[in-house]
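Handing you this structure, nothing more for now.
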Amino acid sequence: MVGMGRIGKIHFKNIQHQLAGAEIVAVADLRYDTALKEIYNGILFSENPDEVITLPEVDAILICTPTSSHAALIEKGIQSGKHIFCEKPMDLSLEKTTTLSEMAKEAGVKLMLGFNRRFDPDFMQANQSVRDGKIGDVQIVKITSRDPGPPPIEYIKHSGGLFMDMAIHDFDMARHIMGKEVAEVYSRGLNIIDHEIRKAGDIDTALTTLVFEDGTYAVIDNSRKAAYGYDQRLEIFGDKGMIKVGNNLHNQNVLFNQDGIHHALPLDFFMDRYAKSYLKEMELFIDALVNDKEMPAGGEDGLKATQIAYAAKMSVETGRPVKLSEVMINSHHAMEKTSD
Amino acid sequence: MVGMGRIGKIHFKNIQHQLAGAEIVAVADLRYDTALKEIYNGILFSENPDEVITLPEVDAILICTPTSSHAALIEKGIQSGKHIFCEKPMDLSLEKTTTLSEMAKEAGVKLMLGFNRRFDPDFMQANQSVRDGKIGDVQIVKITSRDPGPPPIEYIKHSGGLFMDMAIHDFDMARHIMGKEVAEVYSRGLNIIDHEIRKAGDIDTALTTLVFEDGTYAVIDNSRKAAYGYDQRLEIFGDKGMIKVGNNLHNQNVLFNQDGIHHALPLDFFMDRYAKSYLKEMELFIDALVNDKEMPAGGEDGLKATQIAYAAKMSVETGRPVKLSEVMINSHHAMEKTSD
Amino acid sequence: MVGMGRIGKIHFKNIQHQLAGAEIVAVADLRYDTALKEIYNGILFSENPDEVITLPEVDAILICTPTSSHAALIEKGIQSGKHIFCEKPMDLSLEKTTTLSEMAKEAGVKLMLGFNRRFDPDFMQANQSVRDGKIGDVQIVKITSRDPGPPPIEYIKHSGGLFMDMAIHDFDMARHIMGKEVAEVYSRGLNIIDHEIRKAGDIDTALTTLVFEDGTYAVIDNSRKAAYGYDQRLEIFGDKGMIKVGNNLHNQNVLFNQDGIHHALPLDFFMDRYAKSYLKEMELFIDALVNDKEMPAGGEDGLKATQIAYAAKMSVETGRPVKLSEVMINSHHAMEKTSD
Amino acid sequence: MVGMGRIGKIHFKNIQHQLAGAEIVAVADLRYDTALKEIYNGILFSENPDEVITLPEVDAILICTPTSSHAALIEKGIQSGKHIFCEKPMDLSLEKTTTLSEMAKEAGVKLMLGFNRRFDPDFMQANQSVRDGKIGDVQIVKITSRDPGPPPIEYIKHSGGLFMDMAIHDFDMARHIMGKEVAEVYSRGLNIIDHEIRKAGDIDTALTTLVFEDGTYAVIDNSRKAAYGYDQRLEIFGDKGMIKVGNNLHNQNVLFNQDGIHHALPLDFFMDRYAKSYLKEMELFIDALVNDKEMPAGGEDGLKATQIAYAAKMSVETGRPVKLSEVMINSHHAMEKTSD
């Protein structure tokens, strides 16, 4: 493991205490709880990522550091012949992302991206129902994805923007459910929540239409702030029916009084809302390693979602639909360029 | 028609403007809107019920007067050979009720009681689903029946009490859904809403267990006041599943804000909540007349519900379960007695 | 009244039996039920619309004929100085629509368009909640509007197409809720339900983004066929919360069995689903006449919705967002042209 | 820990990996997974409960064995001065239960009973809302408690019967929410699910009215088999409103198709449904030990629930309401008797 921040700790606990088939050999971070070292005294706690990545007994690495260091760590992993799990995105640069995806493929290294929402039990069930033909041919996917509040402005500044940081999960989900590739993107962006976000050069609200190769489409509605909390919904409409995935509420209680009938709010912190998806994605990562399966969300998926994010941004800037081919970069060209 | 109060007007409008197969020939009441007389100038508006009931062109009478006059009007109707629709109950006295039920049967006069809830579209659908075997053999029926607030204390004083006035609808519903007869009744009564109701000798809250002939049971929970409005729910549990009938809300809107997720309250006035049931019961009354069918809620049903109400009251007073046989009155005996 | 088809009969019944303040003096249609003539023997039943429209005792006319005759009847009404209620749209031609809207305004004739959904109790309540500030500033309106099945192909051929015939209600709703004007329209259209519709030159599925003057937007998703019935939903998201308007289901019953928890389908016929909205719109039309108020959905609203429908169609054809200014027609110019 | 069966393993994992403040020193069971011994090599794995209970470094014991051994282990714990967590019930005998409750109190040993449902987050929230006055004075508590299917008949035979084994949780919940003592119990029992259960001398379906000291009441409806799974619902009605606690469904997905609108079934295994309650009860047990607080569900609570179960059984047998005083046993008398 490289990186033991908020998300790193989740993966650490899941692997050590909830999942079979893998164990943590070494961890690299700059600081540790001393308690941790004592409890897990069989694990190497290092401050040097390279030391951890190159350990011979390490089969695979988990990259849970800030985005800016992802690319270098992925490259190091590939060079060391280790399989890789990396939190999304691989890199803010499309060229770099293209290169890394290509490098991993050529090196035969398994690469999984942390598109955890794919592995949420509700969304998995919805996807399975689609695959099982429960709603026939899918005609439209609708995603509502709103945060309970914007992250700190310093985070925003280095996030790559709303599309790259936040909507990228939804772009991946739309492709995942549709099982097709996006051909064109039309986005509208707004800055109506926080003036600081505008000053940081980002938008805080967006509406995106994804047009797939066969003309069917998805629509994604993003906001950095929903007054009622974390709003994560999905609707899939097909010629035989519709599947709706609702929010996970704090509790199942309903209060009836003279003012109305009142339900609890949605779970408002992503680590609560998606606790099960983090566990499941790690289970599937380990399963793909142990049983030599294809990764359920690989480098190509990371690249595609990044391309869509680039196209969305360009669409907001130009006011017109943008074809995905407009932002795609020839991967060999990219490799030459980024290897300079 | 005899009686053009709140409920009479509903039936009047339904027959004249919504339903085919019947027309109103004459109406008896003590007072009329002059407007009414002008609009419906083909109708006889009388102040004398007897004049209306005995009119040769009248085939059937609707009794929509206060309870205290029901018995005499039913008797008059039977003697005149008219079919009868009467708002529940026939009479507050069990003896009288027994007699009237028997008299109608012997005279071959069709008699329908205004157990309108049976004819609410939701409850009808629930009953049909039971009849269709959707939930297998019914094991328990659960009814929640709460008013939005107590009626005027003057009304309470002449109402016959909570069981006779309010729960009687639920007793009828339980029998109707179960399709069996009640053998035993256990009720608890409370006086916790309004001190005036206690002074009037009535309870305002009750919980009743109805045990049917085969040992299965129903439970009914009544209150004169629910802070959130008119609460009318039904659950039917069988060996293959359960049917729940929920409340009809004011609207389908949901408000999400920082305090929660808020739905509208239930329809809080019985004439709104049961508007469709009044229409349907009249449609079925006319249908039974025109096509010579059995009445869907007849004198026998009125009598049974009244017996249960008597047993419930006795149970509260004695603190023990009361067998229905304890309150039943030999009908011939009753006829002799009430004919004195 | 001109036109006594399906929708005409609804208005007729509502005015005669449910509403005060107006009465029907004369009706024009080509055929009548003889029964109707007998029951309403005070009403003139004519086969000549002009005879009805020009009657001196007529204050206002209701136009409930097929679309192709709307324009001529509206003109006749304006010339006769009668106030007008007309089912949407005024005309399939944008020029004609522009002219009619202008003519009515100049003649001081009150003109109301049958955008009945505005007057559905649920949508009215939602709109009122927005006006009351319950969700703060509106950031996005989302409409799902799907029919239970396509109308007959002959109807489609003369309908003006999906946007003009069906989505026009949603365009009006979006403007109504937003309380702002649309500046730009981006639509995607598909033909995936019925091959006959494609042959008739129409689409059967569409996704539309409406961008308002201030950059906020609405998204509307239309389909001619939802397997589960008539899907009419609205979401309004603001900085203080969200309002969702759900479907009206056939009943409130829920069946629990080993396969799941099952609710009834939405009301699947528009005349059931919107029964109350037809009543309310007529009540408001009469109220505006009697109390000399502004019409709640006037000629200008009809024109705006038609302009949006034109822009949506152009967007599908060109594959790009279309500014509303691109389809607007100078009204005086239009009047000259259509008066030729 | 004594007993490492299904429930024991849950507590073990929760203490070792999820909770702070306690650690497991020793475990007694007859058989172990060898894997377990290897992983937790600091823990004493014994086959002798006494060895474990009397260890000086043990502060508290967890009793997770079958019911028949509870009493002896509790006694041993009390004699050894250890605090005790014991799965419900303490014993099938009311005398023994009375004695144990008294013994623990006199010895100053903290004793907690595993009434885990009290600690389910939804029920805790409901209880908190009642305590916060959200619904005013509670007038009625309604509990629906149905298993997805009967346990093995061998289990039933030694379970103490439906009231002692299953409804006891609901009796505790009713007391817990009401915050008052039960004065009288009226139960109806049925045998309509499984003939084998009848042969084993038990019922499989029951309806119970609990009358509290002040006349208010609760109603509990139990079944050993609900076709749609594990049905665990609670309604609390007060003079200012109502709280409903619904089931936890498998997922939040809804499928709409031509047959209806379909939701997932409730979680159907008690260890899934109440996973969080097991964690919470252990957290509160540890907290009460570490911070010297009163146990949240103590010996007195265990005794009261057992008394109610006895009264319920007697009510079914006699067909009449049974006062709790009829089944209460003088504790000193009981101690003398059970110490023979």
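First chain written, first letter: the chains are A, B, C and D, and each begins at residue 1.
Going forward, a residue touches a chain if its C-beta (ideal position, glycine included) is under 8 Å from a C-beta of that chain, and two chains touch if they have at least 3 such contacts.
Computed from a predicted structure; not experimentally measured.
Enquirer: Comparing each of B-D, B-C or C-D with A-D, which pair has over half of its contact pairs in common by residue number?
Expert: It is B-C that repeats the A-D interface.
Enquirer: Applying the document's contact definition, name the chain pair with more C-beta pairs in contact, A-B or A-C.
Expert: Top pair by contacting C-beta pairs is A-C.
Enquirer: Rounded to the nearest whole Å, what is the centre-to-centre distance of chain A and chain C, using the mean of the C-alpha atoms as each centre?
Expert: Chain centroid spacing, chain A to chain C, equals 42 Å.
Enquirer: Let me have the rounded angstrom distance from the C-alpha centre of chain A over to the C-alpha centre of chain B, please.
Expert: Here the centre of chain B sits 59 Å away from the centre of chain A.
Enquirer: Pull out every residue in chain B that's touching 2 or more other chains.
Expert: Within chain B, residues 135, 226-228, 240-242, 255-258, 264 contact more than one other chain.
Enquirer: Which bits of chain D are touching chain B when the two form their complex?
Expert: Residues of chain D touching chain B: 135-137, 139-140, 142, 146, 186, 188, 190, 192-193, 205, 207, 209, 211, 215-217, 219, 221, 223, 225-228, 231, 237-242, 319-321.
Enquirer: Considering only the defined contacts, which chain A positions touch chain B in the complex?
Expert: My answer: residues 226-228, 249, 255-265.
Enquirer: Of all residues in chain C, which touch chain B in the complex?
Expert: 17, 121-122, 125-126, 129, 134-135, 240-248, 250-258, 264
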